[in-house]
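These are the structures in question, set out in turn.
In what comes next, chain A is part of two complexes: it sits with chain B in the first one and with chain C in the second one.
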Partner chain A sequence: MNQTAVDQAFFIYFYLSLSILSIAVIVSKNIIHSAFFLLIFLLHVAAVFLFLNSEFLMVIQIIVYVGGVLALFVFAIMVMNIKEELKHRRFVRFAGAGILVSLLFFAVFYGFVKNVKVSSNPPPPNDVNLLGSLLYSYYLLPFEILSVVLLIALVAGIIIARKSPREEK
Partner chain B sequence: MINEYLLLSATLFTIGFIGFLIRRDLIVMLMCLEIMFNAVNISFAAFSYYGGNFIGQVFVLFSIALAASEAAVGLAIVLALVRATGVNHSDEIIRLRG
Partner chain C sequence: MDTLYLIAVTIIKTAIYFGLLMLHVAYATYAERKVIGHIQLRLGPMVVGPHGILQPIADIIKLIFKEDIIPSAVDRRIFTIAPLISLTAALSTFAVIPVSEGWVISDINVGILYVLGIAGIGIYGIIFAGWSSNSKYAFLGGLRSAAQMISYEVALAMSLVGVILMAESFNLTEIVNKQAQYPMGMFLLPQIIGYFVFVVAMLAETNRVPFDLPEAETELVAGYFVEYSGIRFSLFYLAEYLAMFCMSALATICFWGGWTVPPFLVEIFPFIGIIPGVVWFLLKVYFHMFLFFWLRGTLPRYRYDQLMSIGWKVLIPLALINIVITSIIKYYS
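Moving on, here comes the complex of A and B:
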């Protein structure tokens, strides 16, 4: 009977912790600390996906983001070898204007989000087989295009990050 | 209940937007982009769950793959920029031809 109360409590916990973690990503002085806060943030987002009854997305979130993207960030921080981060200025000069514009944006956004109604269908079945068959039948063309995009991004990342020949000699 | 998930999504998107606007370090700006991607993914998954439609999860998959490729290319660009000019702050990039 207390199912909704437990849901509410967990949702409030995730709301507060996600907000605090994303603010901590922004305000932390050390970039490595930002990367670790981003790690905890991504794991919490995976838990929110689990609340929304989509387990496959949770697994993909952990594998791709935590295992791939975050490792890429940490590698980039290590390769660039940033040392002077402890006493440099973190924010741009017009940071106050940026916060003001963002809060205006949030006000408009809240006006849209406040009373959204969806048709009350039953929630979709928690079925990975259905997701896979949908990906390989109806969404086959976007899936293949996405594979080409990933290949191009891989090759482009290698080519851009390569040392330029002018620099080598 | 969907309103609460959308409010969560809007809050995270706004925080990521603030970070993207006001931070100077290019890597933290890319991290804020990831926060914004995650906010949009939460919104997709919430619509998929409460609308009773399976399509949202498929699009979250596409969006995650695009975010991965975006992070790869963005970090490569930042790395090339740091190698070429030694600058890793967004307001110090004042030359176009290096």
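Moving on, here comes the complex of A and C:
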């Protein structure tokens, strides 16, 4: 058993489990079960990043998606009344449209990926230092614009959540 | 062949680390009962063995042989898996924590971020346990814990940014080695604000007194694990103590110089240099564990709104000030 065989075994495992988990997220009736499958799914995605030799992306995946996004999802689900939701029929009404959209998506996706060549030189070993210096020099403007966009979203959220002046009276 | 060899070595290392960790957790419960006992002018456990030294072993045997009761109204699948999530998250953090120079399972470049990220997964165990128990007490405990851990994780991560700036690395070994240039061989003095924020946030993050609102026994019976019994209950207990050890180790590595000896001590007592690094590391970790028990014995619990305002209005601004000051000093020196 050499390096590539072990790599391949892991790759097949992640390929299969990612597909099964993503289907399980959609199929499960209970919304908390969906959240649970999504948790495992996101951790698997992080592991795939590790296989591509990008430790930093793996950790950011865990911190942002598992620690932040999904935690807020679960928190919001908790505050809602799930027992009510369970009685509703599943969202099968738009199944045809969903299949159509996904086919279109994958067709476009294939068009993009078709001509991609994988570069043979390995990525630089210490990617964190490189990332930092690039982010604050070459990509400074997009980085700043992104942070302003996030700030706008924050301000908008506060304005929506705040009571209107009429209500306060 | 190389890969298999690597896997085998890693498994052996992990097994040794795991065994030692479990021993530490068992005796941390004993130490806690003894310390709290003496603070309250009691003796603590005294029956099993001399001074109750075999008490944790007896406790483990009792918990393993107890019946694992699963109430009929719970969500069975999530209920059984929730303690495992907490435990796995707590155990996984130790994969990157170095005990001494080179004594680490995986010396990855983003160690400090990894520990913070993986430690955050532990809340899912608590939230899922609270939800699946189908009990009001457990549910409230789970909700409180979710809100608390989301808030304090921000402060915890920000308090470490100062350390990362000074060490210029995310690697835990590198952080320890960088501290040799600073006074007393630790980041404690230059990062004193960061350390203060870290200690308060670490108490909240591990659900300990004075921030143990998720398991406040006077209001919520026991909080999120009220429906658990037997081995699954002890898994939650284990996860909590492992998280405490993890945070203590992180504090030791980031602020107390890890396994290095303070240089001024070596100057006064030259023979101290022969003590291996792992002893120093453990001494510093034990100090932080003692801090946990000590605070539990002395402080009352905070109210929930106080907890939130401390997190968002005191700790996060303090951590931000610390980042700004550290950056300015670093830029001009």
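Just so we're on the same page, the second predicted complex is superposed on the first by the 127 of 169 C-alpha atoms of A that agree within 3 Å, B and C clash if a C-alpha of one lies under 4 Å from a C-alpha of the other, contacts with A are read in each partner's own complex, and residues count from 1 in each chain.
In this section, a residue touches a chain if its C-beta (ideal position, glycine included) is under 8 Å from a C-beta of that chain, and two chains touch if they have at least 3 such contacts.
Every value quoted in this text rests on a predicted model; they were computed, and no experiment measured them.
Between chain B and chain C, B touches the greater number of residues of chain A. Once the two complexes are laid over each other on the shared chain, residue contacts for A:E55 go to chain C alone; chain B is not touched. When the shared chain is aligned, chain C comes close enough to touch A:A71, but chain B does not.
Once the two complexes are overlaid on the shared chain, A:A24 sits clear of chain B and of chain C alike.
Residue contacts after overlaying the shared chain place A:A47 against neither chain B nor chain C.
When the two complexes are overlaid on their common chain A, residue A:H33 makes contact with chain C while staying clear of chain B. With both structures placed on the common chain, the touch criterion links A:V149 to chain B but leaves chain C unconnected.
Look at A:N115: by the touch rule set out above, it reaches chain B but stays clear of chain C.
By the touch criterion stated above, A:V101 is placed in contact with chain B alone, chain C being left untouched. Note: residues 56, 60, 72, 79 of chain A belong to the chain B contact set and to the chain C contact set alike, using the contact criterion stated above. The touching residues of chain B, counted against chain A in their complex, run 2-19, 21-25, 27-28, 30-32, 34-35, 38, 41-42, 45-55, 57-58, 60-62, 64-73, 75-80, 82-84, 88-91. The touching residues of chain A, when paired with chain B in their complex, are 11, 14-15, 18-19, 22-23, 25-26, 31, 34-35, 38, 41-42, 45, 48-49, 52-54, 56-57, 60-61, 64-65, 68-69, 72-73, 76-77, 79-80, 82, 85, 88-93, 95, 98-99, 101-103, 105-106, 109-110, 113-116, 118-124, 130-131, 134-135, 139, 142, 146, 149-150, 152-154, 156-158, 160-161, 163-164, 167.
Across the interface of their complex, chain C is touched by residues 1-3, 6, 30, 32-33, 36, 39, 43, 55-56, 58-60, 62-63, 66-67, 70-72, 74-75, 78-79, 126, 128 of chain A. Contact residues of chain C toward chain A in the complex are 1-4, 7, 75, 77-78, 81, 85, 108-110, 113-114, 116-118, 120-121, 123-124, 127-128, 131-132, 139, 142-143, 146-147, 150, 153, 170.
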